[in-house]
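Take a look at this one; I'll ask things after.
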């Protein structure tokens, strides 16, 4: 998004946190007090969406030094941003700024961890997110995935064909679904099918889909699908995505297989926020 | 919020997930196909915000049976909702509906767990959330806290005075801050002060604040503050809130003390989503 | 509110006044004509929300001299602002700017008058506004109350507990209502009860509410409540708010009593606007 | 406006009054409590915008009896509306509903009074409002003017040409301004000119404008302008509007003259709200 | 509109074209690459709304040279704008910028052509647009009409009275409709009536309407109406608008008549866009 | 989009056409007048977006008979919709409803014509739209393309990779661009490259892109590219899109070639609206 559009989102978020006034700061601190403040990491993490935050803060008139860039890995105690400006503005945006940075950095940190784990055993597999994102925050969460080194997967229901189990239940079979889609999907969109058995996976690959998603399969089952696809000369013709209940604890079981993508819904829905705080370090002008 | 206002939020969230069309479902499924579907818990949890979801689904024309109510504890496999309506609508809202329910139920589940832990040793302490909420989702997250049995704490910067460390750094001292606030705060708003030493806590209590927050103190330090307040006859005049790094692992250390509130930022920022899924159980009409 | 958020409100207001074009100015005046203009008070008043107006005008590219500050008392003829910029912009925002300034200054002027009246006989009573505000304008109206020297009271239904007569009718009694609320209200929110008889007032004070509102009572009745509270040693334990039909004409009857707050709904709903005008004083460049 | 559009405005207003929850009602009253309530006039008034309120309440699911119609004159004690529905909804919208009704009815009441005064001496003069309206409320305020029997005048800067003193200062003279406008104004828009001297008024009439506004002239001066226009055979060719400082106290001085319109800015900016209240009259179901 | 309001529209349009990210440009081009680019006319046209585009681009931080002004007639190959700024911004707004410029210039070009045709035979007739505009784009399309030399006609249903055939069908007759309107229309609004027979046209003129619209009449019929109006001494008392199926192919038949306005719905609904492109001419900094 | 989201767009469009009131209809027609009205095609066309219009009208309380479905080809005089409801609502939405239907049906009609032309000589080529859509209307215009039988191509910059000439100018070469993209594009998105010479086209195909767009090439050049791709055994590995200046007049030159997609920007930007009108056919209740 053009940053001015992202800025508009931040203003809406600000209205949530300050529907009328910051009753504490407005009461305590005159409008001409200027401070210098630091955003400090309170645990090591991969920083994400700091560029959006910098644009936001500058548009509100603060002077900002961006001490690290998106994607940087920082240690506990690292100063990420230095802000100078009216205390009322700095304290008024503190919580929003931290909430975004902490949430997005938490996601990027988890993704980076998964990517590192996978890289140890397989140089080509991508770690991908899903559409299990928090409503209203998809732009930020998907960006955090990218920053962490992951693949964003679909942004929305409008940008690729993904035939899921519920579709197949309604249509009757994978083949029938693929036949319909072949005529109706736009030529610019890939077609992916979620399959839960070896048979379905093979049928899908034979039908010429671009991607097959093996959903909630154990790693041994996945291995069998891969083997069967190879046996039939289909392996190179499709991408294989594995999904369902994969976390840092079991990802290596899958990473060692000849697959293309491992996707994890928990990355965006359930990553722990990276702890950070804002510290006023100097009162410049009262 | 009046539910029609919440509904408007859901429509904005829907636009995020479907900026144009659900290219898969629109291609595959004719508009007159009607299905029956279940929302199923895939792990035990405390259900939250299901009433908002029901209103949302009904406003889109679906027939909904709300099989459990907000606050219910359900086991893995429980059916939470039964929906009947056009497949296109059901599948178009699936992800949004689940993302909200899973996130909010995850929060309520964590709060319920904390409240249970605390109740074992102390019948009066409240477990409270903070303003560490995900931007745009405060209504839902704070409601999930309530549903779980927690205290919502401040909704926004506009609804109570909370003097934090950064305010005090700028003003110079707790006393000075309290003096200013006494004249400027509205009579309808309570005044809380964040303190990090015994001395500050005592001074704050003596100044007549309504609540003192003991931030990032070890339980032994908190115990000393409580004792000192009692010694000076101040204990009954203030509420004591303890905050900072408290999780289910260490909450009992604090819960056994004579304090009033334990607040935990991680509840809203870092709870794990409760897993759920939507399953089409019948194609009623093609 | 952060001023950029207030600015967004002004843009929406502008769309109301100029849905397409300013057909007069666009027809008459070329876009490169620059003027100097004054905002002039046409009657004495207390100026309010001029800082919001200044931010708004500067964001539209005008050069603005803010000749008086919020809260200033000005005489008829005083120049409040000097603007320099394109005639089309100056004339396009004239009415909106004046409508806000005139309305808010009218409120601040009335509040200041009431506060002065009260101060003559009682140094501690606060004059407060209510939620009788014009929809969409609460931020501005409550701010004008503050600027005038008043207390804003509740900003919204979300920021304090106020049990009113309709609640009590439904619940059955003040005691029952207070019992419920004690468990359910957040610890950060004060509890106020509207009472219309001495008995109710006493019961409320005994139950430990923070504030009792004596609604539509004559001053003699209020005096009796105060006396009875004192007799029972309860006076210092609650704040007493008096409300209902109080204006500058009868406020002194109440101001001489030992109460804490006098609230007046008419301040925000029915104050007269302070008359002002915009005068082009120089055509700088054609 | 189509009523669904007006409804959207009401929802935005509701968000202002309930940014999160109605903390009092939600704590006190279970969601299944249903009440019957009355909206009662606490002083005589002309009711305005009650149709918009009825649509709003019905869209929120309340059952509404509209006991009087827009434009009705009611006495103190009259019941305007009867509502039946969930107590939480009724109490959640109470203040917003009353604020709109009270404000609009206050305006309609004042307009009706002025129209009656004028009618006593002159059967053709119209009483008109101006663009001195409260930002965001123009639709409601102009409608209240109509309901009261007044003329709405311009809705916005986009709907008629009105050349004011500031335009003339910039352009140099009334004649020059009229010459420009003649070529540039759309053929569907009338042209009005504000004049402050007899000479300007005559010149304007001679130039063929549709309406001349005599601004801030004493009634004797207005009489002279009218006479001079008649003498020159111009009276029937223009409408004459009189404006500036006219209230119910001096309107009769102008009403007896041969003019067409009297406009009053205070109607919309400074009318007193008509007092009303909501009273729960029955708890139908707990 | 004040340009900041127009800018807000552009941001909404941008969200349509970039709901998440420009996946191509973000992948390919680092954020510090700066380019110089030209907007080039690929066919001759009358340029419209370029000032709005310039404001939009500058607000996004681009340096813009506006090489031609609104209303300029340019040849194929002409450079309209030169932009310098980050490649990501330039390419992110390319399509939106071109879509507006091409559409508006297409309208202005068609209007200019019609005006020229008409001017050849009649110096006083205006060419007007209608309310047949594309939803959401009326500001731009009406402005393009002005830029082309046309008359904007009504902006909306709120700014003039136009009694159409459907109104008359419901009311019963032109006379009845005019009688009602005379009392109810605001004095600032002109009254126009759509008529489809000579009789109706005469009746309307006799009733004192400001404008009569002769709808879907052949030029000979129009000529008869004009003649009859002259015979009765009514011609000078009304404006005559001719409408319905008039294009550049038959406009001269009408232009030679003694009428005042020719309006064409196709101008805004069906003009061909003027072809333009954006060309990166220099990569300044990588 | 879920239809309630589309409905919201319609409400915004309505505000554009009725910022305050429909001054004509509100003056003329009492609110209890009910009419029956028809939407009639005034020329033959392919109807598009009628389902969205039906939902919109029903949500405003009208009774609607949808006499033809999206995609139907109708003759001049055909009745598309029958509406029954309050005259004020019917006339208030008339223009908006017609503007959408006429514009979308114009697009669908043009697309159908192109598809028919192409089908005569080639059964597999798709006719596609582009992102040359009118800002704010992409949902409607792309849907009209689908209804007409075309391919929507990219909805937005977020849903597929399309490397255009400007990207290549900045990056340096097609190969370099493709190398970068291979690593950075999500696995769910296809990659298309715009090429303007045979050499580029071959290089792109060899690099493994999904689609090559031959931009502004004459049909003979396109033929050469196809031949060369076949010679190298690459034809089956890529889709070939042809674009640039193709209209119904020259489309057959391209349609006879062995290509996959012909895309035309003019479809959405420059199609003529299909003429329609609303006719009140009965006044049911006055």
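Each chain gets a letter, A, B, C, D, E and F, in the order it is written, and its residues are counted from 1.
We take it that a residue touches a chain if its C-beta (ideal position, glycine included) is under 8 Å from a C-beta of that chain, and two chains touch if they have at least 3 such contacts.
Keep in mind the model is a prediction, meaning the values are calculated, not measured.
Chain centres computed from CA atoms place E at the largest separation from chain B. Looking at which positions face the partner, chain A and chain F present mostly the same ones, since more than half of the interface numbers are shared. In whole angstrom, the spacing between the mean C-alpha positions of chain B and chain E is 51. Computed from the mean C-alpha positions, the centre of chain C lies at a distance of 22 Å from the centre of chain D. Chain A and chain C have Cα centroids separated by 44 Å. Looking at chain E, one finds that residues 16, 18-21, 92, 138, 155-156, 158-160, 162, 186, 189 touch two or more other chains. Contact residues of chain C toward chain E in the complex are 11, 14-15, 18-21, 59-60, 89, 92-93. Those residues of chain B lying in contact with chain A across their complex are 10, 12-13, 16-25, 27-29, 33, 35, 37, 87, 91-92, 94-96, 98-100, 102-103, 106, 131-138, 156-164, 166-167, 169-171, 177, 180-181, 184-186, 189, 266, 269-273, 278-280, 283. Residue ranges of chain A in contact with chain E, taken from their complex: 1-2, 4-5, 8, 138-139, 142-143, 155-156, 158.
Within the complex formed with chain F, the chain A residues making contact are 126, 128, 151-156, 158-160, 162, 186-190, 192, 211, 239, 241, 260-261.
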